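What follows is a set of structures to go through.
In the two complexes below, chain A is the common chain; its partner is chain B in one and chain C in the other.
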Partner chain A sequence: MNQIWIIAKLEMRRAFFSRRALWVYLLALFPAVLFFGHGISVQYRRSEYAGKPVTPAAVLDRIPVGTPDTEVLATAGQPITDRKWRRRDLDRRSLQYFDGSNRIWLEFENGALKSRNRRTLNSFDEDSKVYAGVFQFFYLRLAVFFGCLGIFINLFRGEMIDKSLHYWFLAPVRREILLLGKYCAGLIASAVIFGGGALLSFSALLSYQSSADLQGYLQTDAFYHGTWYILSAMLGCVGYGSVFLAAGLLLRNPIIPALVMLLWESINGFLPELLQKLSVLHYLQSICPVAPPLDPNVPPLMRMILAPAAPTSAWAAILGLLAVTALVLYAASRTVRRLEINYGTE
Partner chain B sequence: MSDDQILFHNVSKFYGDVLGVNKVDLRIPPGITSLVGPNGSGKTTLMNLMTGLVHPGSGSISVRGVSPFAPEKLMRIVGYATQYDAAPRGVTGFGFVLAGLLLHGFPRAEAERRAALAIETVALTHASSRKIAAYSKGMRQRIRLAQAIAHEPEVLVLDEPLNGLDPLVRAETIALFRDYAARGRHVILSSHVLQEVDVFSDQVILIANGMIVAEGEIRNVRDEIHEHPSQFLLHCQQPSRVAALLFEQAEVLAVKIDPEGRGVLVTTRHRDAFAAAVQRIALSGIEIDGVLPMDENVDALYEYLIGGGK
Partner chain C sequence: MAVFKRGYERYNGPLTGSATRFLAVPRFVWPKLLGQRFVVILLVLSLFWPLLCAGFVYVSNHADLLPSLGSGGDDGIRKMLSIDGKFFAIFMNVQSTFAILLAAIAGPGLIAPDLANNALPLYFARPLSRWSYIGARMMVLFGILSLVTLVPGLFVFIMQASLASTAWLQANWFLGQGMVLGFLLYIVMVSLIALTCSAYVKWRVVAGALVLAFFFVLAGASQIINQVLRVEWGSLLNPGYAIYAVWCALLGVEAAEDAPGAWESFTVLLLMLAALLAVLLRKLRPVEVVS
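After this line comes the complex of A and B, so read on.
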């Protein structure tokens, strides 16, 4: 264990700050930037509407379709905006009201109320679902996937390119221990980067919610959801890390394992049940706390790719993922024992 | 298996279709042993094989009783300064040597002491805090040597260790090798210039095209030098007459007029007898301006043994 830790400490710098993998930070921070940006836009809208006249929603809801615009104005008062235009021989008018949290547009045709549209300044439920979608479809499938590719494949392949791998092989260390030490370095780096990225983006999601929504969420699911989001990002690093560490031992070109793995993860839903369990994403999807929104109109083929085929329980998923990781690391340790230094010059 | 020798038994190594070494049998006792051969002859392969960086396709290797397949044991007794002129990115000279010692399991304080000592031995203390990327080629050579000796290995393996060293450091490095050998340790080093290593080597292994051409103690190799034909140029004013006189000498194998008109080119196997003959000719009144050995260096033996140029 001591040797593993010494190797991990020596390798940590390369894992965190390899010039070849600095783009990993961009991937990890993207969702946080996205939600912080959205938060700023929500705050801006809130401040914009803070001084606007408030019309109770009940007043607006009571106005039946077909009511003349003059009567509506008399009932609901002056709107925030009043737009008139003519289209297809119809006089159109749109009155915007604000009920304190929603923007409501009353649409008129030839002076009679035709429909009403309501848009909230911000909906926590909606944001929560969007976050779940971003987390599963972008963060786990792409960011963690390619981030681990960048970090782990460099641990051996990068040293072969730099012609410095032999220094490790000339240390009095079993090759399997070396592999585990490097894996730990990569795992610590990727878990900090992507676990931190998940924490940051989750914080960004909460940062702009109304105090009522926030209090309600904090008292119910916030801790549970946050923990599982961070945990699933870290477990993604555990699984993908082992795969790409092994790939770095076997292949010169990182594009090949990336494409093969991406394809494997994508077609997972079509595979027999046993083979599905050899997928990292299969387990990660099972432990994500919120199901991402899937449009009912999504074709069945796409639905199979996006949704887990047969979700397992969280703890079974964790154990399954660890088992897959152990299997991959065992195969990698057998490879590293046979690995020779051949930088192409003799 | 012998616990104080390095043994190669029928070892072959191919890189795909390319021969590395072929059917090598070696028994290397402690002392300074030089592997000599031209570029691509298999010297580095032999060193990589004995340190486990590459694995033999067939045959077996033992380094003081330890298999190269057990790096956790082997690298405790072996230090290897490779020819690869690269170091981990961003690391200082001190950090580089220290990292190796930490991997050996030395406590940090002891590792720092040993690292400083090893760096001092190779005269790099002044540059130890600088990044290796900023080192000159000679300094990189020395810092690799420092890492190889820092844990005081019983077997020191050095690939072209004298390349890029200035004369003073070279002399100090050779003294270090001698000190190691005097303590019953192995110093295995490679060179493609026999002349460079024959002065201080106890043994020489000549290798060409992946095969051992000759091996043995350096004095035996030197004897072979004396036995193999040598060529001399006699500067003289009457080359035809000198050539005729030399033809009469039994110890002379061949005589020809130098095409550049400097005198006579003579090939002989017995230098002392040849010297006496030249003296007799000079005493007979024929003016000899000088005698110049044309191939009097150990490289000549090397060319002679491998049957080709370097």
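After this line comes the complex of A and C, so read on.
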């Protein structure tokens, strides 16, 4: 254990402070920065709309589609904003009203009301669904995936390219211990970075909610949701990390298995249920506390063949991921035992 | 005579023309790339979709043979079988995925080894400028990527033009032109991304990951910007979307109404290409760094 920790400490410094790690930090912190930015814009909007004229929503809802814009102005009064432009040979106009909590846009084409769009100043339910989507579609699928690719492939393949792996092999430690030490270093670094990123983005999500929403959430699900989000990010590092460490050991070009894995994870939702369970992402999504909404822009044909498998129970998902990781690490330790360095081929 | 007593003599043999000098690099690299198993597998896989499209073109031009369409037939099915801008937009979209994968495999090995082994001075000691060097490396990717984009695209277009009436060609010649222009722009973009990634990180393996990350992460990041900030301009950061918007304009297809238009996308693409080129030129300097 002592040897593992010494190796891990040496490697961790590189994983945390190398120039390449900046890209990993960027990936991990990007959602948090976006949610903080959104929080600032929500607070600015709240103060901006505090003094605006209020038009009752019932008045606007009563106006039928096809009503001329002059008639709408006479019925609903002066809007907050009035925008006119021309696109695809059609005169367009957009009038914005405010009913005290929602902004309502009336969209006109050639002077006749075509549609109305309503958007609340801020909705906690909507934001928590957006967060679930960001977490599952961006954070787990892309940020954790590419972050782990950068960190774990570097551990062995990077040393081979740098022609420095033989220094480790000359040290009086068993190679399995070396492998475990390096894996622990990568795991600690990635888990801290991505777990921290998840915590920051979740805090950013809560930072700008109204006090009533925040109180209600803190008393019910906040702790549970936050814990599972952080845990799933860390488990992502455990699963992807072991695969990329093994890929870096087994193959001269680990990008090919990474590419295959990326494609496999991308088409995961379209695969039969049994095949869906052969991916890291399925288990990570099973752990996530909120299901993300389906993208409304997905074409109907794709929507038809999209059949997400039933989620695995949380404990089964965690045990499954840990078991797969142990198996991959065992295979990697067998490989590293027989590994012969030939820098000439790199 | 002892070797050390031979003085330096200038080479007096024939010189390659300056315009074609940069072709020397692709001549050596192409066979090497085509010798890679994964590149060949990708090239073969990329032919399936054009073959399916060719089959579709054949069926659409022989629709009268279908029992349900024999006598006038169903307008809905006829419309579905028509070869128009949307057909070519979908075709280009699918083939572009293979181009990204090929660039991620073939691109990183083009500049990274030269930088890692300090080989650039050897190139620039010859009558080869930085621009020629970049042109030569881009030529390598242009050749490989054309095999999955331009060549099958032109094959499908020519097949349609020859099977359909002259009236179709007169009305739709812009589809062929749009496809060629769209693919040329796409190849330049993908090649520059691959070359810049290759020059930026020096390690071939990491450069490959960076090419993939460039496309996938930017696509994901643009989506979450749209979702979190409730805006549409985030799509512009996605090179895949930006190029698709330009393709739609070239092929006369209506893009999504609320999303940024073709001119905005084209401007962002040009800015992106300029930034990539600036990074590439900064990294490609004929000096040897000893640290």
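Please note the rule applied: the second predicted complex is superposed on the first by the 251 of 346 C-alpha atoms of A that agree within 3 Å, B and C clash if a C-alpha of one lies under 4 Å from a C-alpha of the other, contacts with A are read in each partner's own complex, and residues count from 1 in each chain.
Criterion: contacts are C-beta pairs under 8 Å (C-beta built on N, C-alpha and C of every residue); 3 or more make two chains touch, one makes a residue touch a chain.
Computed from a predicted model, the values in this text were never measured in an experiment.
J.: Mind checking the superposed model to see whether chain B and chain C fit together on chain A or clash?
T.: Taken together on chain A, chain C would fit alongside chain B, as the superposition shows.
J.: Scan A:30 for contacts with chain B and chain C and give back first, second, both or neither.
T.: Second partner only.
J.: Just checking: does A:164 make contact with chain B only, chain C only, both, or neither of them? Give me first, second, both or neither.
T.: first
J.: With the two complexes superposed on chain A, say which partner A:153 touches: chain B (first), chain C (second), both, or neither.
T.: second
J.: Just to be sure I read the superposition right, which of the two partners does A:329 touch: chain B = first, chain C = second, or both, or neither?
T.: neither
J.: According to the stated criteria, A:235 is in contact with first (chain B), second (chain C), both, or neither; which is it?
T.: Touch status of A:235: no partner.
J.: With both complexes overlaid on chain A, does A:317 touch chain B (first), chain C (second), both or neither?
T.: Neither: A:317 stays clear of chain B and chain C.
J.: Once chain A of both complexes is superposed, is A:206 in touch with chain B (first), chain C (second), both, or neither?
T.: In the superposition, A:206 contacts neither chain B nor chain C.
J.: Specify the partner with more touching residues on chain A, choosing between chain B and chain C.
T.: C
J.: What does the superposition give for the shortest Cα distance from chain B to chain C, in Å?
T.: Least C-alpha distance: 6 Å.
J.: Could you give the residue numbers on chain A that contact chain B in one complex and chain C in the other?
T.: Dual-contact residues (chain A): none.
J.: What residues on chain A touch chain B, complex-wise?
T.: Within the complex, chain A contacts chain B at residues 2-3, 6-7, 10, 13-14, 159, 162-164, 166-167, 169-175, 177, 338, 340-343, 346.
J.: Contact residues on chain C for chain A in the complex?
T.: 38, 101, 104-105, 108, 116, 201, 203-206, 208-209, 212-213, 216-217, 220-221, 223-225, 227-230, 256
J.: Which stretch or stretches of chain B touch chain A in the complex?
T.: My answer: residues 15, 20, 40, 44-45, 48, 51-55, 71-76, 78, 80, 82, 84-90, 99-100, 102-105, 147.
J.: Which residues of chain A touch chain C once you look at their complex with the stated criterion?
T.: Residues 20, 27, 30-31, 34-35, 37-38, 41, 119, 130, 133-134, 137-138, 141-143, 146, 149-150, 153-154, 157-158, 161, 253-256, 258-259, 262, 297.
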